[in-house]
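Accompanying notes for the structure given below.
Just so it is clear, A, B, C, D, E and F label the chains in written order, and each chain counts residues from 1 on its own.
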Amino acid sequence: MTEIFDLAASNLVSPIILSFALGLAAALARSDLTIPEAVAKGMSIYLLFAIGFKGGAAVAANGIDSTLLLAIGAGLVLSFGLPLIAFALLKIMTGMDRVDAAAVAAHYGSISIVTFVAATSVLEGRLIDAEGYMVAVAAAMEAPAILSALWLVARGGNSAKMDAGLMREILLNGSIVLLVGSFVIGAVTGEKGLAEIAPFIVTPFKGVLCLFLLDMGLIAGRGLRNVRGSLGMGAISFAILMPLISSAFGLVLGMMIGLSLGGVVLLMVLSASASYIAVPAAMRVALPQANPSIYLTLSLGVTFPFNLTLGIPLYLAVAQSVIGG
Amino acid sequence: MTEIFDLAASNLVSPIILSFALGLAAALARSDLTIPEAVAKGMSIYLLFAIGFKGGAAVAANGIDSTLLLAIGAGLVLSFGLPLIAFALLKIMTGMDRVDAAAVAAHYGSISIVTFVAATSVLEGRLIDAEGYMVAVAAAMEAPAILSALWLVARGGNSAKMDAGLMREILLNGSIVLLVGSFVIGAVTGEKGLAEIAPFIVTPFKGVLCLFLLDMGLIAGRGLRNVRGSLGMGAISFAILMPLISSAFGLVLGMMIGLSLGGVVLLMVLSASASYIAVPAAMRVALPQANPSIYLTLSLGVTFPFNLTLGIPLYLAVAQSVIGG
Amino acid sequence: MTEIFDLAASNLVSPIILSFALGLAAALARSDLTIPEAVAKGMSIYLLFAIGFKGGAAVAANGIDSTLLLAIGAGLVLSFGLPLIAFALLKIMTGMDRVDAAAVAAHYGSISIVTFVAATSVLEGRLIDAEGYMVAVAAAMEAPAILSALWLVARGGNSAKMDAGLMREILLNGSIVLLVGSFVIGAVTGEKGLAEIAPFIVTPFKGVLCLFLLDMGLIAGRGLRNVRGSLGMGAISFAILMPLISSAFGLVLGMMIGLSLGGVVLLMVLSASASYIAVPAAMRVALPQANPSIYLTLSLGVTFPFNLTLGIPLYLAVAQSVIGG
Amino acid sequence: MEMHDAKRVSIVIEAPLERRLADALTEAGVTGYTIMPVLGGSGRSGQWSREGQLGRSGMVNFICLIRPERLDGLLEAAFAVVEQHIGVVSVTDAKVLRAERF
Amino acid sequence: MEMHDAKRVSIVIEAPLERRLADALTEAGVTGYTIMPVLGGSGRSGQWSREGQLGRSGMVNFICLIRPERLDGLLEAAFAVVEQHIGVVSVTDAKVLRAERF
Amino acid sequence: MEMHDAKRVSIVIEAPLERRLADALTEAGVTGYTIMPVLGGSGRSGQWSREGQLGRSGMVNFICLIRPERLDGLLEAAFAVVEQHIGVVSVTDAKVLRAERF
């Protein structure tokens, strides 16, 4: 137990976490500090490209082992299944209506790539290797949760707009395409390709991540300021309980399919993390009745910082104690 | 022959080319992946600054040899002359009217700095040196082609708006000023200046180039999607034939004035490449009757990817077999 | 004396200064070269984050000595006091009315962080250490001058809008928050944190600074072009005389509180520099009657380039000859 | 200069629906419109600002100049997309040059 | 489609006053507005362009659709902020869909 | 609040002509205008989007508020620039505060 807190504490004083905290504090204090939208989008493109490429290059270096397909399968199962659990939990813990609950559930089945990246940083800092293809698993987990949520709504008799256009938009959304595309480029060009562009995608990576998290903190802080008081304790508890439950499922599936310690931790983190980019946009199209400030605040304002600060070290500690290593 | 294909194949699996392919594929599949305009412009400023500075620093290191002026002269001759050849070819191969043909011709006399940069990367990868002042030649080749095109139009009795204001805009356009300016800064501050900022302009350069080419791929793909079917085979054949012809002129002039192997290849590449930034903007002012989708598609959608993938290794192979080395 | 000129000359051929000159020249020649607003803002966020973090890490490494509080106190005294001197001088040297003079005075009491950064670069180039907490002094000096200026206006019977909202905006303005915040992060995470992100905030720093100064040159040049002729010789002389006077105050206070040579130079530079970001925005709210083109031109168009080129080496030479070392 | 009557329709709509609205307008035969960026705003669903957004959120503003007799068709097509969403539709009388283009 | 009379008020104002104008409008009971970016312009205080600006300068454009009877209240509230500053206020007649929202 | 009649002229024009239009307006004595960014659009020359553009392409939107009697002068000056180019000109009736500024 103390070990977990030590881990969490040493995690907390990293520049990455403190940058997030700075953004959060600045926004709560109503500072006018902002990062231009174009710059934030540029950084997220950089991060996706870098993480995808490095994953691909790692696969090229280590070869594809048979667990790749199993891991993607596990990711799909989690992304399809977790929204059902989230939905049931929301029905018990909060007074949300079916549509809002389904929209929130979609976010918790999908993933946050920045949380994934932060976990990767923590693993690297502890010299724990992970399967390079986990970024492909991340990509696979982005979209299925949306389908589960729409099914939950349709089952309740409400109308949810799902058409071929939306399907294509979800599957070909920019972050999935960039992640998968750069993964493939990394896998094809391998170590040699990585060496060529490492001074761009490897060495300055953590620094860019700091600025990106500063922006995430600013956004989360502004969101929290706006909804202050309008979210009940039930919803907030859900946003902390759900990642714990999800990570347990990630742990079990990760061990079943034989992932390494690092891979299990990353699958736990993916399960525990909640989307705040792809899913919100899809919800505005498919479930416009759902209230965006509910799902954005829970995902970005509660679950994201929870995972970033306490969640990741906790999942790592649990995985280490269960798997050993 | 197999050697050329080997060269092309090894060129094709570089992260740079694959990034372009990724962008192209994403746009053709109608993904919503986009790079914000401001970020794309920021990257192009970075690339121009870096390439100019490095050229200047190379000149400072090696001294200016007497071919500098000859090379700039050759560049001017090519930029003035190639549009005439392109125009004649377009008249033969396509049914374009005089104004459209002249506008396209202007693009092929001018240059694409990204193609130049990609060629520099290939040369560096093969450890082939080139004259640092080739970036000055590139700058010199940007504008003259516009004048030739306007002369072609005026000769045909159409009106083309050329005034002092436009002339100044063309000559002082941002990319020329930045390229020449950073070349001068590089030449003045020399190796010492380069050492100070090399971690910014040298080591991460290729990585930035990847992201920039991702964006070029996205733009080219969107352009191709829009004009699908409206361009005849004649025009498309022109966009592949013309660079081959141009590069031959570049080869001959480059050898005549005694450039090194690398310098000859770069002059071939400059000749073969077509503008898609400076010239289109000038055409909108001077030849508004010309259809932008024709010249943009040929230049960015056909000739640019052709040069990037097959053209550069081909020009290199030809130059090597002719010059030896 | 020759020594100062040698210093200035060697300072003048640095890529940083020449980039500023390039921007200035491009704008005066009416080139359309521009750096997108979002990119410029992104670079300034990068610079503030990097400089704050490095200052904090330096404090973590060397420990806080007792002069920290004294230095911040000196900064506050200078920022409160210098506007009074500037105001008196403006009244003598120019025909500005009270409001315009007070607005200009506010700028000269506050600071320019880019001038500070450029001075840091010069010190590093000469291997002269400075107290890491000087960035905290810089942050402390941003705002007080605004209060002095408003007091000067109010004393004259004019109305100046100072309310709690404006006070908060000034104190929590983005650059102060980012500078102080990253300083704290650097101090908390120390050498270890710095090592993690040094490839982002240390090695490419000077290169980013070049591009940022290119933009500053463009902006200063456009400003100068617009006001051409409308500023009298009196105002322009003020913009060169005032930094000399301010730096003398900085020198005396810096020596009194026992700063190192580097620290004294930086306090001189902070005193001599004039704001062009935080103060102008505050003036638009609090003193809308004041003419922005006067204070922006003096600060950005005259004092900034003066400090960058001649001022910094001069202050360094003076400090060296007075303190020795 | 000769000018022709027209209606100027402004539609503020969430950015994720941009493509859908463009498609709906095109289907309704409206091929002329200009899309302008929106920085932020306030309405029944509260205040928002582009700088507080991640991803594709935010809003955009479609401006259509159209012959008066075609207004109803446009509004119906637009309304089908806007209906369930956050957004505002307004119409102003205007005159246009070069009516042959509309 | 049923439409309702409204006024469209456009206020071009310096960016550092954005928050103050928003607050003034909210206090005056105007909770619907859209803020649009401005690239540059020209007026009595000369030409300016966003690309020649550092920091928070520049201008923004507030657009408010409002019931005609509430126009005066809005203008008074806005004018109190704009008065001493660089800026332009204009009003156009408009029609809006979904009047229940205004 | 006292308001004065004015015309609101909107000109959507290709970005490379921005400086030329500004100069033409200035020459015609029109010194007040606001330039707004355009994200994309559709017209006779097809669809385009700012994100699919390299370089200086794209369009911008000039807005001029002007006394009614000066409208013709403005339109003539603007039309000389817009004529051969892609672009749209529209005019709306408006009221302005602070007419002394126009």
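Criterion: a residue touches a chain if its C-beta (ideal position, glycine included) is under 8 Å from a C-beta of that chain, and two chains touch if they have at least 3 such contacts.
Just so it is clear, the structure is predicted and the values come from calculations on it, not from any experiment.
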item: Neighbouring chains common to chain D and chain E, by label; value: F
item: Length of the shortest touching-chain route, chain B through to chain E; value: 2
item: Most distant chain from chain D by Cα centroid; value: C
item: Chain whose mean Cα position lies farthest from chain F; value: A
item: Between chain F and chain D, distance of the C-alpha-averaged centres to the nearest whole Å; value: 19
item: Between chain B and chain A, distance of the C-alpha-averaged centres to the nearest whole Å; value: 41
item: Numbers and ranges of chain F residues touching at least 2 other chains; value: 36-37, 47, 49, 56, 92-93
item: Residue list for chain C, restricted to those that touch at least two other chains; value: 32, 34-39, 42, 199, 204
item: Which pairs of chains touch, using the document's own definition; value: A-B, A-C, A-D, B-C, B-F, C-E, D-E, D-F, E-F
item: Of chain E, residues touching chain D in the complex; value: 1, 3, 6, 8, 22, 25-26, 31-37, 60, 65, 92-98, 101
item: Partner chain C, residues of chain B touching it in the complex; value: 36-39, 41-42, 45-46, 49, 53, 168-169, 172-174, 177-178, 181-182, 184-185, 188-189, 193, 196-197, 199-201, 204
item: Residues on chain E engaged by chain F in the complex (per definition of touch); value: 12, 36-44, 47, 49, 59, 61, 72, 75-76, 79, 88-93
item: Chain B partner contacts - residues on chain C that touch it in the complex; value: 13-15, 18-19, 22, 25-26, 29-39, 42, 199, 203-208, 210-211, 214
item: Complex interface listing, chain A residues touching chain D; value: 34-37, 40, 44, 165, 216, 218-219, 222-223, 226, 276-278, 280-282, 284-285, 288-289, 292-293, 300
